[in-house]
Amino acid sequence: MNNLKDFNLKVNLFGYELKNPVIPASGTFGFGYEFADVYDINCLGSISLKGTTLNERYGNPLPRVAECPVGMLNSIGLQNKGVDKVISEEIEKLKKVYDGKVIANVGGHSVDEYVEVVRRFNACDKVFAIELNISCPNVKGGGMAFGTNPSVAENLVKAVKAVSQKPIMVKLSPNVTSISEMAKAVEGAGADGISLINTLVGMRIDLATRKPILAVGSGGYSGRGVFPVALKMVNDVYKAVSVPVVGMGGITSAREAVEMMMAGATAVMVGTENLVNPYASQQIINDLPTVLDELNVKDINEIIGSVK
Amino acid sequence: MNNLKDFNLKVNLFGYELKNPVIPASGTFGFGYEFADVYDINCLGSISLKGTTLNERYGNPLPRVAECPVGMLNSIGLQNKGVDKVISEEIEKLKKVYDGKVIANVGGHSVDEYVEVVRRFNACDKVFAIELNISCPNVKGGGMAFGTNPSVAENLVKAVKAVSQKPIMVKLSPNVTSISEMAKAVEGAGADGISLINTLVGMRIDLATRKPILAVGSGGYSGRGVFPVALKMVNDVYKAVSVPVVGMGGITSAREAVEMMMAGATAVMVGTENLVNPYASQQIINDLPTVLDELNVKDINEIIGSVK
Amino acid sequence: MKNQILTVKDNKQISDDVFVMKFEKEENEYKAGQFVELKVDGFTLRRPFGVYDFEKGELSLLYKVVGQGTAKMATMKRGEKIDALTELGNGFNVDKAKKPLLIGGGLGAAPLYYLAKTFKEKGIKAEMLLGARTQSDLVFLNDFKNVADVKVATDDGTSGFKGNVVEALKHYDFDCDFYYACGSLAMLKRVASYSTNGEISMEARMACGFGACMGCSIMTTDGAKRVCKDGPVFYAKEIIFE
Amino acid sequence: MKNQILTVKDNKQISDDVFVMKFEKEENEYKAGQFVELKVDGFTLRRPFGVYDFEKGELSLLYKVVGQGTAKMATMKRGEKIDALTELGNGFNVDKAKKPLLIGGGLGAAPLYYLAKTFKEKGIKAEMLLGARTQSDLVFLNDFKNVADVKVATDDGTSGFKGNVVEALKHYDFDCDFYYACGSLAMLKRVASYSTNGEISMEARMACGFGACMGCSIMTTDGAKRVCKDGPVFYAKEIIFE
């Protein structure tokens, strides 16, 4: 194995320096501290916390996860304790086991809710950026509409930017005709960055009962199977906007992380694979130098958007 | 293995009776006769022929296929000999090895081209229906736009219906914000049926050269990885329209074929799996009775759209 | 939690569709009620299985073939390897009972075997009530009789008391101070509404199995809790059944 | 075409990143220039490999580790099985030459070994020109010398003539009536522009390998043709290089 020290893995996101570009994706890593007894999570570039709303949410009825060919469906529905307890309880626990700063992922049902949650994170020093989840397919009457209509998204981003003291990264849905159009809309509204892709809408049916496996019918599809779709959309967005792009969708290895960065990602998020292999994010970080060495790259920043 | 004869596998599509609901998908089965030395293709419900245009087309430069995690990318670009030779040469060869009727898949760059190709198929008795490919991601200046804009699609379908003496089944692209809206638009324009999903847009990059693996940059993603997305969209379309739906996307087994039918498909198309396992379509047909037996179903028509 | 590669020692079919998979000795410690998650080849998500037995370092799991994952498991042979997350969940608190009653429904009762053995090692012979639809569902009855004082209830009366578990609880009137229950959600709900003086092991479809995804959360009097990490064992009184 | 499960007999590393995989005897017949497609575990698409040797029913393939699929192949051991489509493609037409010249570039020359053996069995010792970047690329040179009269050309002059294949063709002025060429696209294009009196085996990324997907079509004077099914061997005069 190559030595991490021989390679520069540091990347800069909104002025914050990540020791490497690997960030566990929101919803697949809890509030981070849950993984502290699996490995020393200080190896991580950052962490995107579980989606947080204004008030406590239980989420959707069970079952809310399902197996797919090479991936999974989820319809969790933003279970969280509400922003105040997230800050006072969850992030406090995280501070004990993680030295770096993290990304707060914010969900909501209305512009007012998003704005209020973002405002309350202003005072939380542990958070260096907000990931605005405008693409959760699992929340009725909210989430998804913000993510598929450019002008609705634009209004939301403007409202949030007006109160936020932290950079706003908007998480886009892949369930749109033109991801570039969505990206340009949120960039125009002042977004400091874009992360993508959220999950594709998917479904599985239990043959014996003839009922959808997920209690709510359908959910978000993620995992290995979405990688080529994610890569293409990250590249489309990279070409459409000038703010940093954080790429995710089906990354399971350092090679795929590098491929995603070549497509245009400044940093990558690892999602479903954390649930399959709890050591996934750590292993990807450890494997990065070997892949870079193969490619004769000393500074990982060289590869960002380098696809010809 | 259960006996095919104990189960009714016959389904009806636009008045034509298929001996079973399994149809190799366009572009993965040539003009059918290429598989005649692999197995007796008379077992097939029908065959959707390689996409046909007015004039001969070579297609896109190589490489035009790429490996993906559990699927593949293609950017073939509608290679075919042009409609006249397809009818006089390809379909003539097919007649010698397949007794049933088939589906002609029609591509094009303009309304006029689609209309003319459809008109020329009128006289071809071997063809019982036209599959209008308005969703090929691999043809510049045509294909895709018809598949992502409801009013453009509507106009095309109306023009084609005006000249066609055969039922028109419109093949939809999954790369849209609302598949239901597209389905309603083409149904409103007179489409006799809908098939979906065509490929998702995807990309892979060769790390060593930093170039996209496909010569044209990106292509259509298909195979096991798209199944949950296809299933959801088939169900959405089934609920949105009253014309028959033909479901495809990542089907590799009889169980998945049955799941797709429960979601709303009257028949299913098997695509990429034919390229991985040349016997795939035949095996799925042979396995259907076992799956139906497990579910206590004697007539496969019972399960169409039966998801609760 | 540990991530281990387990080696199959034995994969015994004990009825039409029920198997017991035993693994070679490993450095593990299990409390009764804990579970493992197996990564079956060809599937994304791991499958959770409660500890059926743990004897001299050898773990046994009891499973029914219900889908493609368990069908694949049924084909596994001695010497084959499987990636597992082990020592998951909290397990039963055996200190709560001096006179324990173990209540099991169908195959879901499997974890009670190791629980009964645990009590036996403490010098306590547990009472046990096993409910099932019909006699032939009680595939492990003889094993259970070796470690506990077993009563049976079947819906169709083919074995023991005829009736459901709660009716049987009333009928047998066990002399116990705390119960431990395992089984279907419907059965557990009935037991909890009859008495909350016990612990219940919950089942749920899981994605990760170690508390990260919130896929298996249930509602409790103390807010949402994860079956995989906060459970699978909860006090009967804290569970809010839907 | 046949769909067969092949058993690895031997998987020998012959240089840093080049291997020869030999399979147990099967009921097959191969013409030189034909190929097989291997389904490597964990990948969707099969990988095409030209026949390197076929001796007493035992097929050998020569491959270089260039990606994850071939890296996986390199780990395979004697006794392991692999799903294969066999007897694919048309193969060389050995009746065209009385005095054959075999022209190979780098590792792409591999199929010429079996072609030279085929000529040898017909009582013809073929002349052969092997081009490479440098001497160390000619990992199979000694094997080839056993079956043909081999001349070498290297770009850097570390072995044989210094220069490219076409320059070497002029230099050696072979006494031949028909050539058979295998190698990189750039090298084949140069050979074809020097002379069209021969057959060329083309390479392309393929999806199916048996003519269904049109993934590997090239342009010829007779329209588009599929490398996998109409080829991989074409007359030099019919290929339209891009």
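Chains: A, B, C and D, in written order; residue numbering restarts at 1 for each.
The rule we apply is simple: contacts are C-beta pairs under 8 Å (C-beta built on N, C-alpha and C of every residue); 3 or more make two chains touch, one makes a residue touch a chain.
Since this is a predicted model, take the numbers as computed values, not measurements.
Setting subunit A aside and leaving every other chain in place, which groups of chains remain linked through touching?
Result with subunit A masked: B, D | C.
What whole-number Å value describes the gap between the mean CA coordinates of subunit B and subunit D?
Distance between chain centres, rounded to whole Å: 36 Å.
Taking the mean of the C-alpha atoms as each chain's centre, how many Å separate subunit B from subunit C?
46
List the centre-to-centre spacing of subunit A and subunit B in whole Å, with centres computed as mean CA coordinates.
From the centre of subunit A to the centre of subunit B is 34 Å.
Show the residues in subunit D shared as contacts by 2 or more other chains, in ascending order.
Residues of subunit D touching two or more partner chains: there are none.
Could you list the positions in subunit A whose residues touch two or more of the other chains?
Residues 68, 70-71, 224, 255 of subunit A touch two or more partner chains.
Mind giving me all the chain pairs that touch?
Between chains, contact exists in these pairs: A-B, A-C, B-D.
Spell out the part of subunit C that touches subunit A in their complex, as residue ranges.
These residues of subunit C touch subunit A: 1, 3, 39, 43-46, 69, 85, 204-208, 210-219, 223-224, 229, 242.
How about subunit A: which of its residues touch subunit C in the complex?
Residue list for subunit A touching subunit C: 27-30, 34-35, 37-38, 50, 56, 58-59, 61-68, 70-72, 74, 76, 79, 81, 213, 223-224, 272, 274-279.
Which residues, counting only subunit A, touch subunit B once they are in their complex?
The touching residues are 68-71, 73, 148, 175-177, 200-205, 207-212, 218, 221, 224-229, 231-232, 235, 250, 252, 255, 258-259, 262-263, 291, 294-295, 303, 306-308.
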